[in-house]
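A quick write-up on the structure given underneath.
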Amino acid sequence: MNLSSIQYSLRDALRSFRRNKFMSIASMATVAISLLILGSAWLLVLNANFLATKMESELEVNVYLLKEVTREQALNMKPEFEKITGVAEVIFVSKEDGLKLLEDRMDGEGKIQEAMADANPLPDRYRLKADNADLVPQIAKDVELIQGVESVRYGQGMVEKLLSFTHWLRTAGLVVIFAVGLAAVFLIATTIRLTVFSRRREIGIMKLVGATNGYIRRPFFLEGMLIGLTGALIAVGCLHLFYSQLVKNISLTVNFLPVLTDMNILLNIYKNLLLMGTFLGAVGSAISLRRFLKV
Amino acid sequence: MNLSSIQYSLRDALRSFRRNKFMSIASMATVAISLLILGSAWLLVLNANFLATKMESELEVNVYLLKEVTREQALNMKPEFEKITGVAEVIFVSKEDGLKLLEDRMDGEGKIQEAMADANPLPDRYRLKADNADLVPQIAKDVELIQGVESVRYGQGMVEKLLSFTHWLRTAGLVVIFAVGLAAVFLIATTIRLTVFSRRREIGIMKLVGATNGYIRRPFFLEGMLIGLTGALIAVGCLHLFYSQLVKNISLTVNFLPVLTDMNILLNIYKNLLLMGTFLGAVGSAISLRRFLKV
Amino acid sequence: MLVLYYIISNTRYNQLYKDVVIKMIQMFNVSKTYEGDVLVKALDDISLHIKKGEFVFIVGPSGAGKSTLMRLMIREEVPSKGQIMVEGRSLPRLRQREIPHYRRKIGTVFQDFKLLMDRTIFENVAFTLEAIETSRSEIKARVPSVLELVGLKDKMSCYPHQLSGGQQQRVCIARAIVNDPLLIIADEPTGNLDPETSREIMNILLAINKRGTTIVTATHDKEMVDLMKKRVIALSSGRIVRDEERGGY
Amino acid sequence: MLVLYYIISNTRYNQLYKDVVIKMIQMFNVSKTYEGDVLVKALDDISLHIKKGEFVFIVGPSGAGKSTLMRLMIREEVPSKGQIMVEGRSLPRLRQREIPHYRRKIGTVFQDFKLLMDRTIFENVAFTLEAIETSRSEIKARVPSVLELVGLKDKMSCYPHQLSGGQQQRVCIARAIVNDPLLIIADEPTGNLDPETSREIMNILLAINKRGTTIVTATHDKEMVDLMKKRVIALSSGRIVRDEERGGY
C-alpha cells in the first residue's frame, strides 16, 4: 500500500458516496437516528442516576442522646461520631433548635414552642451525613454502641426502600443502555450490510478483473467510516441541541428537578457516540464485504 | 383485478420474500427493533404517567378548625366539605388522634402524648382528598371561606412543585413518544426503501414487458405488509416478554414502585404496534416504488 | 411447428391478413438527443413507415442508433423531436397508464436480455402472461411449448445466472413471442447464438411473421440478412442511409 | 497502430518470443459439473494444451461449455475433476490471496461485459491499472489511448448505461488489453459488433498476439474464424469434438 493507492481509496470512497447518494444518505440517516436514540437513552439513564444520587445524598442519621447527657458532654461527643467510617459531616442540634424545627415542620398545627417552652420533651441530637448512602444503616449500628446515645433514627424502612430503588434503577439503567446500544449496533450494521449487499455485483466484478480483497475493501471501509462519522456527528449535534433545550425547559418549569449539566460527562457521551458510529460504519462495511469477496 | 391476479400477487410476494431472504430478514429485523424501541419508550412513558398519577392521588388538604368549634359542631361540618366541587373524600381527625399521629410521625423523638396530654396544642381537623390533584389549590381556597375553619394546609409549595413536575412529565412523555415514533417510522421506511431500491432494475424490466403499475405494486405491497407484520409480531412478542419479566423483577425487588399491569392498556399498545408495522411495511413499499414505476 | 401453430392460431391474425397493407409504425422526422454532460444525437430526422406484416432488418455500425430506434418503438423513450405512431396512435401522447397496455401488444427482445434475476426461466416467460391475467392452465400449457421452441425446455426451473449467454438470449426471445404479439421488436436476437441456432430462431420469427405479425429486428448478422432477402434499413450516425426492399447487409 | 506500439512495447514480450513453444495453458481431464436442482455437466473430460503466443478460437453451439471453459481459465470456477495449469501453476491449488495476482496477468472480455455501472468508461478501464498501483500519469496516458484504439475516446466520461451494446463490449475489450496481459481470454468479444467493427477488434487482438500474447477467444462469428485460419477448438455438449490448427468454424 503506497501513497497513490491510499489516494485512490479515498477518491473512490468519496466518489461512491456521491454516486450512490440515496444509499449513502439512507444509511447515514439510520446511523444518526440510531445513535440519537442511544444517546437519549444514555442521557436519560445518567439523569435518573443523578437524581438517585441526589436523593441518596439527602439521607442522614439522627442520633438522639440520653436526657442525662449534659450540654457540655454532648458537645464533646462530636469527635466520636466523626471517627466512624463513612461519616462525612456531623451537625449538633440542641433540643431548643429541635423544638423550633419541629414547629416549623408542623407548619401551623399549633404553637408548640410556646406550649412546651418549659417542658421541652425533646433530647439533644446529632445529624450525621454519610459519604455514601449505602453506609447509612451501618453507621446507625456503629453509633448505637457509643455511650450516651439513646436511640438512632435514619428513616428505617424508607431508606432501605430508597436504596433498593436506587440500586434497581442503576441496574435497570445499565440494562437499558446495553439493550439500546445493542439495538443501535444492530440497526447500523444491518443498514451498512444492506448497502454493501446492493453492490455485491460490483464487488464480484472487481475481483474478476484482479483487484485484491484489500484494494476493494479500503474504499468501502473509508466510505463506511465517512457514513458512520457523519451520521454520528448529526446525532451528536441534534442530541446536544435537544438536551440543552431540555435543560433550559426544565430550569424554567421544574427547576427543582436536578439535571446533569456536567460538560465533561456530556462530552464523554458525545465522544463515545462518534467513536461508535465511525467504528460501526467502517468495520461493518469491512465485515459485510467478506462474503462477497470470495469470488 | 380478479382472483387469479390476487393469487399471483400473493404467490409473488411470498416468493420474493423467500428469494430475497437476506433483504427480507434484514428489513424485518429493522421493523422489529424499531418497534421494540418504540414500544419500550411507550411503556416507560405510560409508567411514568402512572407513577405521577399515583403520587398526585396521595395529595390531600388538611383543614384545621378553630379552637372554639366544639366536637359536635366539628362533626356537623362534614357535609359542607363534601359539597365542595372536586372533593372526593372527607375524613375527620380529632385532636387526640392528631397528637397520636404526631408522636408516631416523630418516631421516637419524645413522648409528646404523655407530655402534653392535658395541654394538647392541636386543633381538630379534616383531611380532604381530591378527585384530581389539580383541584387541590382551588379546594383549599373554597375551604377557607367556610365558617369555623382556622387554616388550610396542603403542602403549599410542594404540591405546586409536584403538579408542575407531573404536568411537565406528561408533556415530556408525549414529546418522547412522538419523537421515538417518528424515528421508528423513519427507520422502517428507510429500510423498506432500501430493499425496494435494490430491486429497481427488476421493476424497470417488469414495466418494459407490459406490467401495469398496479400489478407490479401489489406483490411489493403484500411483501411489505408481510415484513411489517412479522417484524411487529416479533417486536410485540419480545416486548411482552421483557415487560412481564420487568414487572416480576420489580415486584421482587422494589415492590413499592407502582407499575402498569392493566392488560387492556398493554393490549392497546401491542395492537398499535402491529398496525403500525403492517401499515408502514405496506405503504412504505408502495410509496418507495413510485419513483421506479415511471419507465 | 405444431407448437407454433398452437401459439399463433389466433383469429386476430386471420383478420390482419386482409388489411396487411395498413401502416403499423410511422415515424415522422424523429430525432432523439440524449441529454447529459455531452449531448448525443442518437437519431437525426428519421422518417420511416413499416406496414403490418412486414419483416424489417435494421442494420448499421455500433452506436448508429438501432437500439434507440427500438426504444422509441416500445415507448421506453420519447423522441426529442418528431412524431411516432403505432397502429395510428401517437406514442409520445400515450398516457402513463396506457403504456403497459400498449407494451403488451409488443414482444420485445432486448439487447441486454433484461431477465428477472430472481425468477426461474419458466417464471420469466410466464410473467408477461400473468400480467395480462392469463389463466393458470393456459400458462402451464403455453410456456413450456415456447421454451421447447427455443430449445430450453429442460432449463425451465433454472435461474438466468445458471444459463449460458445464448440460452439467456433465447429465454428473452421466448418471452417476446409467448403472448402472441402484434409486433415483435428484436434487438440483436442472435448476437450470442451460434449460426445454427441463429437460423432456427430466424425461422421461428419468419413463421410468426408469415401469420401476420410485424417484425423489426436489429442485427449485425450479415449472412442472415443476405440470406433472408427482407427489407433492410441501414442506419449510420443516427440517419437512414439505405432502405431497400429485399436488400442485403 | 502507433498507439498499439505504445501499449505493447514491453520487454517482457521480447523475452517471451524466445520461448514461445512453452505451454501456457494445460488442462488434464477436466470436468465441470454445476450443482443445483439438476446437475449440469458443462464440461466433460477436457484435455487440451495451449502454447505461449497461440491464438485459439473456441467454437460450438450455445450451451456447449465455452464460457465455462473460460471461467476455469480465469479461476472464476474450479474444475469438479481434473487439473488445470497456467504457466505451470495449478489453478485449483491457488490460494485465495494469490488469485487476484494471477488474474492481473490475464485480460478478460466477459460475455456479459461486467462493467462497473457506477463508474465512467474511463474509470472502468482505469480500474485494473489502479488496482496494480500504476502511477496516475501513466493511467492518464494509457487509458485514452486504448479507448481510442476501440473507437470510444469521445465516450470516456459516459457511464456504461449511456452506451450502446457494442460500445459497452468495446469498453470491456479495452479494459482487457489495457494492462498488457500475458494471456487474453475473450468470451465472444464481437457478439454485439457489426462486421466492420468486429474486424477492427480482431485486428487489434491479432496485433497483440503478434507481440507474443496468448489469446483464447470464444466466438460464433463463422466468417471471422474461417478468415483468420487460426487454431479452432470445437466444443459440443461439454466435449471437444474438433481441434484443428488453422481450422474453420
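Residue numbering begins at 1 within each chain, and the chains themselves are lettered A, B, C and D in the order written.
In this section, a contact is a pair of C-beta atoms (placed from the backbone, for glycine too) under 8 Å apart; a residue touches a chain by one contact, two chains touch by 3 or more.
Quantities reported herein were computed from a predicted structural model and do not represent experimental measurements.
**Student:** Hopping along touching chains only, can you work out the least number of steps from subunit B to subunit D?
**Tutor:** 2
**Student:** Report back the single chain whose CA centre is most distant from the CA centre of subunit D.
**Tutor:** B
**Student:** Could you tell me the distance, in whole angstrom, between the mean C-alpha positions of subunit B and subunit C?
**Tutor:** Computed value for the inter-centroid distance: 62 Å.
**Student:** Would you kindly tell me how far, in whole Å, the mean C-alpha position of subunit B lies from that of subunit A?
**Tutor:** Distance between chain centres, rounded to whole Å: 23 Å.
**Student:** Could you grab the centroid distance between subunit C and subunit D? Build each centroid from C-alpha atoms only and quote it in angstrom.
**Tutor:** Chain centres of subunit C and subunit D, defined by C-alpha means, are spaced 31 Å apart.
**Student:** How big is the gap, in whole Å, between where the Cα atoms of subunit A centre and where those of subunit C centre?
**Tutor:** Their C-alpha centroids are separated by 67 Å.
**Student:** Would you give the residues of subunit B that are in contact with at least 2 other chains, written as numbers and ranges?
**Tutor:** none
**Student:** Two or more other chains touching the same residue: where does that happen in subunit D?
**Tutor:** Not one residue of subunit D touches more than one other chain, so the list is empty.
**Student:** In graph terms, nodes being chains and edges touches, is this line, ring, star, complete or other?
**Tutor:** ring
**Student:** Touching pairs of chains, all of them, please.
**Tutor:** Pairs satisfying the touch definition: A-B, A-D, B-C, C-D.
**Student:** Which stretch or stretches of subunit D touch subunit C in the complex?
**Tutor:** Subunit D reaches subunit C through residues 34, 36-38, 40, 59-63, 66-67, 111-112, 154, 157-158, 162-167, 169-170, 187-188, 191-198, 220, 222-223, 249.
**Student:** Under the definition above, what is the set of subunit A residues touching subunit D in their complex?
**Tutor:** Spelled out, the residues of subunit A in touch with subunit D are 2, 4-5, 8, 15-16, 19-20, 202, 205-213, 215, 294-295.
**Student:** Flag every residue of subunit C that touches subunit B in the complex, lowest number first.
**Tutor:** Touching subunit B from subunit C are residues 74, 76, 96-97, 99-101, 103-104, 106, 108, 110, 114-119, 127-128, 130-133, 135-136, 175.
**Student:** Which residues of subunit A touch subunit B once you look at their complex with the stated criterion?
**Tutor:** 22-23, 26, 29-30, 33-34, 36-37, 64, 98, 102, 106-112, 115-116, 119, 121-123, 151, 153, 161, 164-165, 168, 172, 180, 183, 186-187, 190-191, 193-195, 197-198, 246, 249-250, 253-254, 256-257
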